[in-house]
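Below you'll find a set of structures to go through.
In the two assemblies presented below, chain A is common to both, partnered first by chain B and then by chain C.
Right, the complex of A and B next:
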């Protein structure tokens, strides 16, 4: 197991690229070796490509496609140590990813999430309005990424309130009461992007209600793919919400069930930032070589947190581009980037795919 | 009949697009005459189509379109005709409904050709994917139908529509025969729509294919560039997704490693120059590579980029086909004798492409062992060449009737 305690003492965005690379050069081979020794499937996957375990260059560490977690239990611990199984919020009809966590790994995710978010706003002493239903976090046997994120965030708030009833109807009286109670304080809002849009924004518009959320901070994430049909851009999302609720502080985050904890938050300049706990590499589709700054490619995510399961280096199905390193105007060190879309997955197999059945 | 027309009118409102023919042609199709298989006028129509394609400069951009033009030349079609007896006692079945696949752009043209050559009238549902060669072919064909082959208009309707059980049900209810391309799922779904009581249904289910190469004969062959091009045509031309494209390569002979090195370096050159791959394809291949790694004893063979993926398998079984995802994904295995291919000769196996071997010897291995799979044995380079006998069935016989006296 990697000891990350020395990193937990540092500010989440305080390492410049040179320092970070030096640390990853040290830690990543250890992490790869840890999974190699503790997960038979991972060992097989490396052996088949005659992988050299002494490789220490970040870009040369093997990456697994995220989709593998839908089919295989890639865990690097004993079954009796499984504390929690995280499931991705897969689109209907698809298999969901299963991420196996032991107690330490779950706690580590929690700590890092707090560190990262704290760099953007005061999170621990503020009341929190959760833009979801209380039902979402009740079923712990079926732990989704959404419930994990909500639970993770809600632990930080002093007082909390769920904005929707079980049918996702806006509980306006509860919300107003909560806002009134904490008037003058900074209130944290947290929710999934499509829920914020579909259930908060749309209901407010339909009912012609304007809420005053000018003192609030919204952190939202979970991807844009569910909003693809509605063709809402980040800019439009922000301006529409501002119009309806006077909400000014809106932070998008990028993260996934496969790497809970080490999320990427959007700064005031509109860029997503890598913390000291994780790294991204943008890769060309043709040869998986690294893209230049500004070039769109497939996003690979590397996280030091993934220890009880083999999710430390993953090739996502997201497209993105690196904007720069160490020099974002917001002052944070490390790589910063944007997500530009998703890889169009085709299911052409054999001669199948004549019809797209719903 | 009036009722049918009313149903169809309401369906048209649901966006059936006629890219060839029209709604009134569809309505009257069941009253049209059928013809003798390989009738002179049908052969002339295809000959004219072939010539029109070849003299349209734009066609040269699409090698699959040019290949179709050569395939449908009268001279070539006569080869099929001449292999048949008693054609003058045969007639087409009537109306055929074709459901073409979306992964091989011009498959619909061959399916339509089968329908016409067998003497039938045809409704063809094609994919809505905007293939440029499909648009070009339709333009050329429609011009012929408007001019010299006006009488052929009543035999051809080509439609596009988003999946809709009502529309499929309507077209099926008119049909004496149906050709369902597009694999197991599609067949299962389309078959919920009934044909006429006499209707004949042929489903082209999910198939896979293999290649066998004799290493020693390869090494002494003088034009390896041509062979690379042949293999490229068999595989990369349709993203290796056609049922007939080989995904497993069996190497036989003495100097296998030398032959492989040469073969793949020739192919790499060609692929680097010609093939474009997309992110979803490389991700798919990476995923399948790891899946193979988890199931089989194997070794990945390093390639210069992600255009070619090579995995050497020590032992093979029929399930390996489930992992073959196309886009330049090759499973290789060494064999000492032909009987070692038998583990993959299940129902799933369609075509064996070969180089440097005797087709008769391969056929004998299949027949002597009475295995369920393998319907075609063709030379390297001919994997995608369409034949009127497909998936083991004589489609001309299947979609025509014989009159005995």
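Right, the complex of A and C next:
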């Protein structure tokens, strides 16, 4: 198991690319070896390719298609150490991914999430309006990516309020009461993008209500899921919400159940940033070679946190482009990027089909 | 109720269970003290002692004893 305590003491965006590469060069082969030794399916996949375990260059570390977690239990620990099983929210008709966490991995994810988010909001802890229903976190056995995200972010909240009832009807009186109670303080709003849009924004527009959220910070993520047809651009999302609620501070984040914790948050310049705990590589869809800055390709995500399951290097089903390295105007070091869309029909044809087990 | 009784009760209320050898309790050592339980615990302690924890303390609260140590930093008006 990797000891990441030396990273937990550092600021989450303080390493430039050279320093980060040096650390990953040392840690990634250890992580690959750890999974190779502890997950038979992973070992088989590498053996089939006669993979050389001494490879240490970031771009040459093997990556698995993220859809593989829908078919296989890629865990690198004993069954008795399984502490939580995290399920991806998955769209209709698809299998859900299952991510197996042991106690250490779950705790590590929580720590890193708080570290990353606190770098963006100088705030310590604030009242928090959760743009979801309290039902989402009621069932601890059936742990979805959404409940994990809400729980993870909830530690930032002092007083907490859920904005919707169980049928996703906006509980306007509770929301108003909460806003009134904390008027003058900075209130944090957290929710999933499609929920904020469909259940907050749309309901406000339909009922002709203007909320005053000018003191609030909204952090949202998770993309559009089942609402692809209703998806709007990030710019439109922001300007529409601003018009209806005077909400100015809106930050998107990019993350996934398969790499909970090491999320990518949008800075004031509108770019997503890699923390010291994770890295991205943009790859050409045709030959998987690395794209140049500005070129759109498939997003590969690398995370040092994935230790109890083989999620350390994954090819996502998202398209994105690298904007730059170390030189974002916001001052954060490392790679920064934008997400531009989804790989078409990504659920039907994954590279996973080429892997043979047994 | 003494401080320690109030403190222990906050744990039992948060996890909705009677806890044997409570001074040995650590995060994740019982099924009830998971990430959901941790949220309950933090809000209960904040309510009982009328304080607001710093973010670092929220994550450092990894055991019954560690919590006692953390609470020493706060003015509990005792």
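Going forward, the second predicted complex is superposed on the first by the 337 of 358 C-alpha atoms of A that agree within 3 Å, B and C clash if a C-alpha of one lies under 4 Å from a C-alpha of the other, contacts with A are read in each partner's own complex, and residues count from 1 in each chain.
Going forward, contacts are C-beta pairs under 8 Å (C-beta built on N, C-alpha and C of every residue); 3 or more make two chains touch, one makes a residue touch a chain.
This structure is a prediction, so every number in the text was calculated from the model and none was measured.
Of the two partner chains placed by the overlay, neither chain B nor chain C lies in contact with A:79.
More chain A residues lie in contact with B than with the other chain of the pair chain B and chain C. When the two complexes are overlaid on their common chain A, residue A:3 makes contact with neither chain B nor chain C. By the document's definition of touching, of the two partners only chain C reaches A:137; chain B does not.
By the touch criterion defined above, A:287 lies against chain B but remains apart from chain C after alignment on the C-alpha atoms of chain A. When both complexes are overlaid on chain A, the residue A:298 reaches chain B alone and has no touch with chain C. When the two structures are aligned on the shared chain, A:167 is found in touch with neither chain B nor chain C. Once the two complexes are overlaid on the shared chain, A:180 sits clear of chain B and of chain C alike. Counting contacts by the rule stated earlier, no residue of chain A appears in both its interface with chain B and its interface with chain C.
Residues of chain A touching chain B in their complex: 41, 44-45, 48-50, 64-65, 67-68, 71-72, 285-288, 297-298, 315, 317, 319, 343-346, 348-358. Across the interface of their complex, chain A is touched by residues 27-28, 34-36, 38-39, 42-43, 46, 52-55, 58-59 of chain C.
Those residues of chain B lying in contact with chain A across their complex are 99-104, 127, 162-163, 180-186, 189-190, 204, 206-208, 239, 241-243, 277-284, 286-287, 290-291, 293-294, 298-300, 304-307, 311, 325-326. By the touch rule above, chain A contacts chain C in their complex via residues 83-84, 103, 106-107, 110-111, 114, 118, 124-125, 137, 140, 148, 151-152, 154-156, 158, 160.
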